[in-house]
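In what comes next, chain A is part of two complexes: it sits with chain B in the first one and with chain C in the second one.
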Partner chain A sequence: MSVYTAPLRDMLFTMKEVGGLEAICAQPGHEETTPDLVEAILQEAAHYAAGVLDSLNRTGDVQGARWHDGEVTPADGFREAWSSFCENGWIGMPASTEWGGQGLPTLVSTAVLEMWKSSNLAFSLCQMLTLGAVEAIAHHGSEALKQRFLEPMVAGRWTGTMNLTEPQAGSDLAALRSRAVPEGDHYRISGNKIFITWGEHDMTENIVHLVLARLPDAPPGVKGISLFLCPKFLVNDDGSLGERNDLACTSIEHKLGIHGSPTASMTFGDNGGAIGYLVGEPHQGLACMFTMMNHARLNVGLEGVGVSERAYQHARAYALERVQGKPALAGSSTIAGHPDVRRMLMDMKARTEAMRALAYFCAGQMDRVAGHPDAQERAQAQALVGLLTPVVKGWCTDSAQGITSDGLQIHGGMGYIEETGAAQYFRDARITTIYEGTTGIQANDLIGRKLAREGGRTLKGLLTRIDSDARQLMDARDPELSSIGDALMRAVRALEDGADWQLAHSDAQPQDCAAGAVPFLRLAGTVIGGWLSARMAEAATAQLAADSSDAGFLRAKRITASHYATHILVEASALRDIVVHGAASTLALSDDQL
Partner chain B sequence: MSVYTAPLRDMLFTMKEVGGLEAICAQPGHEETTPDLVEAILQEAAHYAAGVLDSLNRTGDVQGARWHDGEVTPADGFREAWSSFCENGWIGMPASTEWGGQGLPTLVSTAVLEMWKSSNLAFSLCQMLTLGAVEAIAHHGSEALKQRFLEPMVAGRWTGTMNLTEPQAGSDLAALRSRAVPEGDHYRISGNKIFITWGEHDMTENIVHLVLARLPDAPPGVKGISLFLCPKFLVNDDGSLGERNDLACTSIEHKLGIHGSPTASMTFGDNGGAIGYLVGEPHQGLACMFTMMNHARLNVGLEGVGVSERAYQHARAYALERVQGKPALAGSSTIAGHPDVRRMLMDMKARTEAMRALAYFCAGQMDRVAGHPDAQERAQAQALVGLLTPVVKGWCTDSAQGITSDGLQIHGGMGYIEETGAAQYFRDARITTIYEGTTGIQANDLIGRKLAREGGRTLKGLLTRIDSDARQLMDARDPELSSIGDALMRAVRALEDGADWQLAHSDAQPQDCAAGAVPFLRLAGTVIGGWLSARMAEAATAQLAADSSDAGFLRAKRITASHYATHILVEASALRDIVVHGAASTLALSDDQL
Partner chain C sequence: MKILVSVKRVVDYNVKVRVKSDGSGVDIANVKMSMNPFDEIAVEEAVRLKEKGVVTEVIAVSCGVAQCQETLRTAMAIGADRGILVETNEELQPLAVAKLLKALIEKEQPGLVILGKQAIDDDCNQTGQMLAALADLPQATFASKVEIAGDKVNVTREVDGGLETLALNIPAVITTDLRLNEPRYVTLPNIMKAKKKQLDTFKPEELGVDVAPRIKTLKVSEPPKRGAGVKVPDAATLIDKLKNEAKVI
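For the complex of A and B:
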């Protein structure tokens, strides 16, 4: 089995060249976040990820979390890992200093989160949900709720969850039935929730559930949903724990992957109603939940990056060790010298690095939103974050499917044997296109709220930047960069065509637009990822000219971008064709002709 | 859970319009195989597949085969199913009448085999391996071996296996170490084999292992490998079973999927050597094994078709039942009315039907090889079978990955829950691109032995046919057919470019050719599948004009072909670009830059 090694060199390069690390560190509030400090944090995190989380990853998969009589026991070692994770301050790292977090730039915490996701996806979910809940409470909760709940959550003494789904209400939250009845300063919550990640466990003394439910006077549909905080144990005024609340975990799911993460079915109010506290305004629960969801969507996109990186490392280690046949490539004695194995490794590498670049670019924009001194810059960054959120979530997780599959393929027959470990990444990755909104839902968000609603303004602005960068690359006297520029220029035209078509048909033919929504999302991800990949090649070229001490890495960045251009950007024109010409056949059959 | 329903209408249509059923039935020896008989056989098989095999599929997955002290117990019900499978005559159906089989055309047995693969992939492997062993013995075995072993195997009283792989020798059989020492009229075999499908079980009284091993005077490499028959129990002259042979199953693998099929590690000769009989000439084992392998490769390609069909049916059933949100499509009340769900269903359907067409086309060519009266026609058909074998194996299984993944995606969160069943097809499908030669190995066979060695003659002949059919479609006064023709014409040009590039560089730049081998195989499958899809649209159009009694099905064939043209054929140009321009970046990094 390979050991996870955080790709620090690529992470730092990407943070700097794509994420805009230096400018972010110069923003007010981040003066103490020096490049040296960032590197030190990343090194510490890399050490923790490799030493603790990665070594528990297979235990989590094999043992899984175990349910017994309403209690859930995580896999061996998870409880101790959670303690050390919190003691070392990793849990609250991305959170605000106001509640005990470290208040680091999102760009920095994103790189650290990627490591958790690479080394132990199942474990990392507990942090993600907890921090999502923290954010929802911090933004929408009353002062009393904040005072009572945030500090223990940011310290990791209590964890958080997100109770949305009900059996009849998955993607369609309008169908929610859980109810909340007012009773003094609180509410009584009743209903059944499913798919609750880390909904029950014994790693901490309390669990803070955020629950969507309807008030008695609620209008139907999504406008009648409110958000409630229901702790597993009630909390006394002095912060000590009181009675057990009326909620229980009735079972956990038997899933394809992320076995280490318990997916709970929860019942609220079997004995009169769970005590819950309103978060935000009545009937505004969806807006509150979206605070959590947007955060979670970017995080799940990052899961696509993390699990892809880990699958790549696992396959690379095997390919550089396994001897089989006569490798065609000079200097290779292992299967990494077989051109087709090399092709898969390069595809994995090129895609993963572009996905990382997209996720870090978006994280950097979030830092600009949070702290750029200029209001117009903040607004532009906010629009970009909005546009890119579904692309990060949808494209990075969609791409992770093929990447983890290639990782398994490189192992040949051994890849199909569970003990090899490649299959776990393949299974774990498979949830990422589904939870926190399927790829279809991300794509509808992209073509609707993020494209059509604003007449394509933000995307068009981005296309102009890509176009100008492509032109600059084409004009370079460097044949490799110039070829990348050519490929990028063709691809950006394809994205422009696709966007124009979507914009032209959004009013009159919404089904046709929706039929091409996922191909359009893939097109956007492919082209924007290719742009960032090309920018990294350009930056590597400039660095090489200035100082060749890191030539191996920098030349590899150029070649990797070239690989992206020749193997992945070329897909753009087919995706454009599907967006533009694909709707008729997609929608023509009647149900009984399927 | 959905129940498997064999797609009889599409199978019969494809057999007739693509496989050339009528001409094959008119060949000498098949006079009794009337269309009515064929339909009756398919209906019987469909009934058996749905009633027995499909209902055991999940049991096989959940229980798996269990190893205890050298014995392997299949999942509950498998033993009884094997008995009824054999009693009903299904086991020997594709085999020659000489040994008790039914001697049906390969085209007919292919459709039946597809049903076994759809309904229970793990179970179907036992038949596949048994019939492969039968074929190798029938072609290469001595008269005595044939007399002793074939009849019980064709009757399913004994099963067969294929013992190739050793821990150090997977794709590279040259590295085999198992040994065979002559002793009178037999040999003593010793060595360790892994990944032996159905290598041990208690469903039958005997198991006939075909084993690759080296004679003492063997030259090194693949030219020193011989094939031996080693029965689990020795067979007396009167056909009764004698002593247990010196071979044992030491364990079975814990796999990602096909849990119902035991994958055995075997040890031969722990107590002096297993008694084995030479099959074929000394040192010619690889050629003998290839008889079995080519058969198995087409069968594994058919697994790609079968599991895709099953995943499609499962997803379709869910999509037509699950209510969630407001469907955009008029007339739909379920998620099948959401355009993106519809897109995934159509992609699955269009790809699966084209894959079926390719597999049946190849099966039809095998029947021409076996029985066409004209020698030149037989030779042409043989060349086509050779060319298409790696494409059927490589492309149908590669496509099955995305299809089964889409099937899971359509289920949303439920797809990730094992009880839903969609995940099993996804896991089961994952082996098909690996065993019987990985996609990389198929692709090397395609560009080397099947393309370069004959200067591209057979492929060029096929391209001429596709070109002419595309032209005819373009000239049709039917806009839908004409559009399909346009798309096919562009795609066939892309395949021609790719083939020309491969041919031009095969001598001087073999690594560059190998770097593009899998993209070239995908290109070939995509275009040839698109050709057959287009031919089906044309045939459906002609039938519609003559008789509209089956209009719903026939119109769906046209629309499905149109979907293939607009969503899948469009990938051809990107694949061509990868073949032609992709090698440099693929091969440029050194091992330590990966």
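For the complex of A and C:
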């Protein structure tokens, strides 16, 4: 079994060269976040992830969470880990200092969250949901709700959940049936919810459920959904816990992966209605929930990065140890010396580092939105975050499927056996393309709201930047950089063609556009990831010229970018062809011909 | 009562060290460095004594290059109240460090000095003993339990035959063994607070100490590679080989 080692060198390099760490640390409010402090935080988080969370990951998988008479017991060790996680201050790291968080830049907390996701995905979900609920309450909740709920949630004494899905309302929230009836200063909620992550557990004294439901006068469809806060235990005026609310966990699901994370079925209002408080305006629940959801989507994208990194480390450790056959590469005595095993390791590494770069780039833009002194810069950054959110979520999780599968493949037959641990990452990764909006939903968001609705303005702006960077690389005297530049130039043309086609057909042939939506999302991720990978190669080259003391790492960055350019970026032109020509066959068969 | 704790910046225990090609030492360029694990135990013990209320201040000291500041910040994140860096680019040997610490003892007048029993880079296991001799203080090395009782400190030591408990008059020098405690995970708020704690820097000459090395390193080399094993036909051959070839019996 390998032990998770946070890739601190790559994380810091990516934060600086792609995320814009120094500029963010110079923004008002982050003056104290100096690079040496960031490094100290990352080192300690890495220590905690390796020492506490990684060692619990397998227990979580094998033992899983257990349901008994409405109570859920997490796997052994999770309770203790949650309390140490909170005592050590990690739970509230990204949250505002106003509520007891550390108020660190999103870029810094993103790198730390990646470590939790790598070391124990199932465990990390409890924090993610809690922080998402904190975000939604902080943005949309009344002053009274904020005062009562935020501080204990940021401290991790109470956790949070997101109750959207109902049996008949999955991706389509318009079909939602849960009801809310006004009663004095609160509401009575009733209905059934499923797939509620960490919906019930005994790690904390209270759980704060955010629930979507309809008011009696609600218009049909998504415009009639409101958001309510329903605590498991009601909270008295002095903050102490009161009666048990009328809500219950009726079962937890048996799943393919993330066994350590209980996925609850919940019923609200079996005995007259659960007491709930309105968050935000009536019928504006979806908008409020999207505050939570955008946050969650980026985090799930980061899960794709985290689980890919872990699968890579596990496969690398195995490949450098397992002896089988005569390796073709001189100096190797293990299967890492077989060219095909190398190919898989390099693919995993190149993709994972590009995915990390995309996630950190987006996180850096979020910090610009939050604190850049110039309003125009803030607006531009906001547009980029909007455009990139479905790409981070959709592409990083989609890519994680192939990466974790390669991780298993490198183990050969041993990978198919659970004891080696490779299969867990493959199974755990599988949910990431599904929850918080499937890849299909992300792709529709990308081609609709993020591309067609604004006439492609933000994407075109980004393409101009990529184009100019590609030209600069092509002109470099360094042959390795210039061939990366060539590949990037061809790829950016492909993305431009795909975007132009989508824009030209969005009104007249929306079904054709939708048929090519996921290929277009893959195209966007592949090219933007390739751009960031090329930028990292350029930065590594400049650093090598200035000071060659870290040559091993910096040369590897260049070669990894070359690998991305020759093995992955070349997929762009094929994806463009699918976007442009693929709809006809996709849509031609009748239902009974399928 | 104050406690002085010394912390050394060493190559991280996870790093596989490589000998420089010219045999002059170990390559530490761009190698992950961290606090010597025995020193981490020393800081943890000092902080626990403070948390018990028997100690008022914990001062962490590091001697070496400017980057030792990071090691001191780690000590302060664990809970040391302030840090002192004795900054020099000179190669520091145990005797020099002992003299520097002695100078700081005179300055700070601590009730206890706690050191790691040895550093994982050179494995000298000398500084604590030398310091006790130079400063004329009682010493208890390889501590696995430390209890302060009035003006005495009771220290349980791990010795070959078992455990030995000594009572020392305070002030005293203690060096830590592995089983003294299990250092805590540093909390995020404490990492942030550590940045604001006081850190003073001195040069060895300001403390009146000559740190010039007394021992010259002639050569550093990798341990010999392990050769292939052989199968022996019987026990007699094995005994013969152990006696005459390996010369171990």
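Just so we're on the same page, the second predicted complex is superposed on the first by the 594 of 594 C-alpha atoms of A that agree within 3 Å, B and C clash if a C-alpha of one lies under 4 Å from a C-alpha of the other, contacts with A are read in each partner's own complex, and residues count from 1 in each chain.
Rule of thumb we're sticking to: contacts are C-beta pairs under 8 Å (C-beta built on N, C-alpha and C of every residue); 3 or more make two chains touch, one makes a residue touch a chain.
As the structure is a computational prediction, the values presented were derived from the model and not from experiment.
K.L.:
So, does A:His30 touch the first partner chain B, the second partner chain C, both, or neither?
P.N.:
Neither partner.
K.L.:
Look at A:His201 in the shared chain and tell me whether it touches chain B only, chain C only, both, or neither; answer first, second, both or neither.
P.N.:
Touch partners of A:His201: none, neither chain B nor chain C.
K.L.:
If you stack the two complexes on chain A, which partner ends up touching A:Tyr48: first (chain B), second (chain C), both, or neither?
P.N.:
Touch partner of A:Tyr48: chain C, not chain B.
K.L.:
Which partner, once the models are overlaid, touches more of chain A's residues, chain C or chain B?
P.N.:
Of the two chains, more chain A residues are contacted by B.
K.L.:
Could you look at A:Leu589 and tell me whether it touches chain B, chain C, both or neither (first, second, both, neither)?
P.N.:
Only chain B is touched by A:Leu589; chain C is not.
K.L.:
Let me test your reading of the model: by the given contact rule, A:Arg188 touches which partner, first (chain B), second (chain C), both or neither?
P.N.:
After superposition on chain A, A:Arg188 lies in contact with neither partner.
K.L.:
Is A:Ala40 touching the first partner chain B, the second partner chain C, both, or neither of them?
P.N.:
A:Ala40: touches chain C, not chain B.
K.L.:
What is the shared patch of chain A, the residues that chain B and chain C both contact?
P.N.:
552-553
K.L.:
If you look only at chain B, which of its residues touch chain A in the complex?
P.N.:
Chain B residues touching chain A: 165, 168-172, 174-175, 194-195, 253-257, 316, 320, 323-325, 328-329, 331-332, 336-343, 345-346, 349, 401, 405, 408-409, 412-419, 423, 426-427, 430-431, 433-435, 438-440, 443-444, 510-512, 514-515, 517-519, 552-553, 555-556, 559-560, 562-563, 565-567, 570-571, 573-574, 577-578, 581-594.
K.L.:
What does chain A use to touch chain C in their complex?
P.N.:
Contacts found on chain A: 5, 8, 32, 34, 36-37, 40-41, 43-45, 47-48, 51-52, 84, 87-90, 93, 102, 549-550, 552-553.
K.L.:
So in the complex, which bits of chain C are touching chain A?
P.N.:
Interface residues on chain C, with respect to chain A: 14, 29-30, 32, 34, 70, 73-74, 77, 185-192, 194-195.
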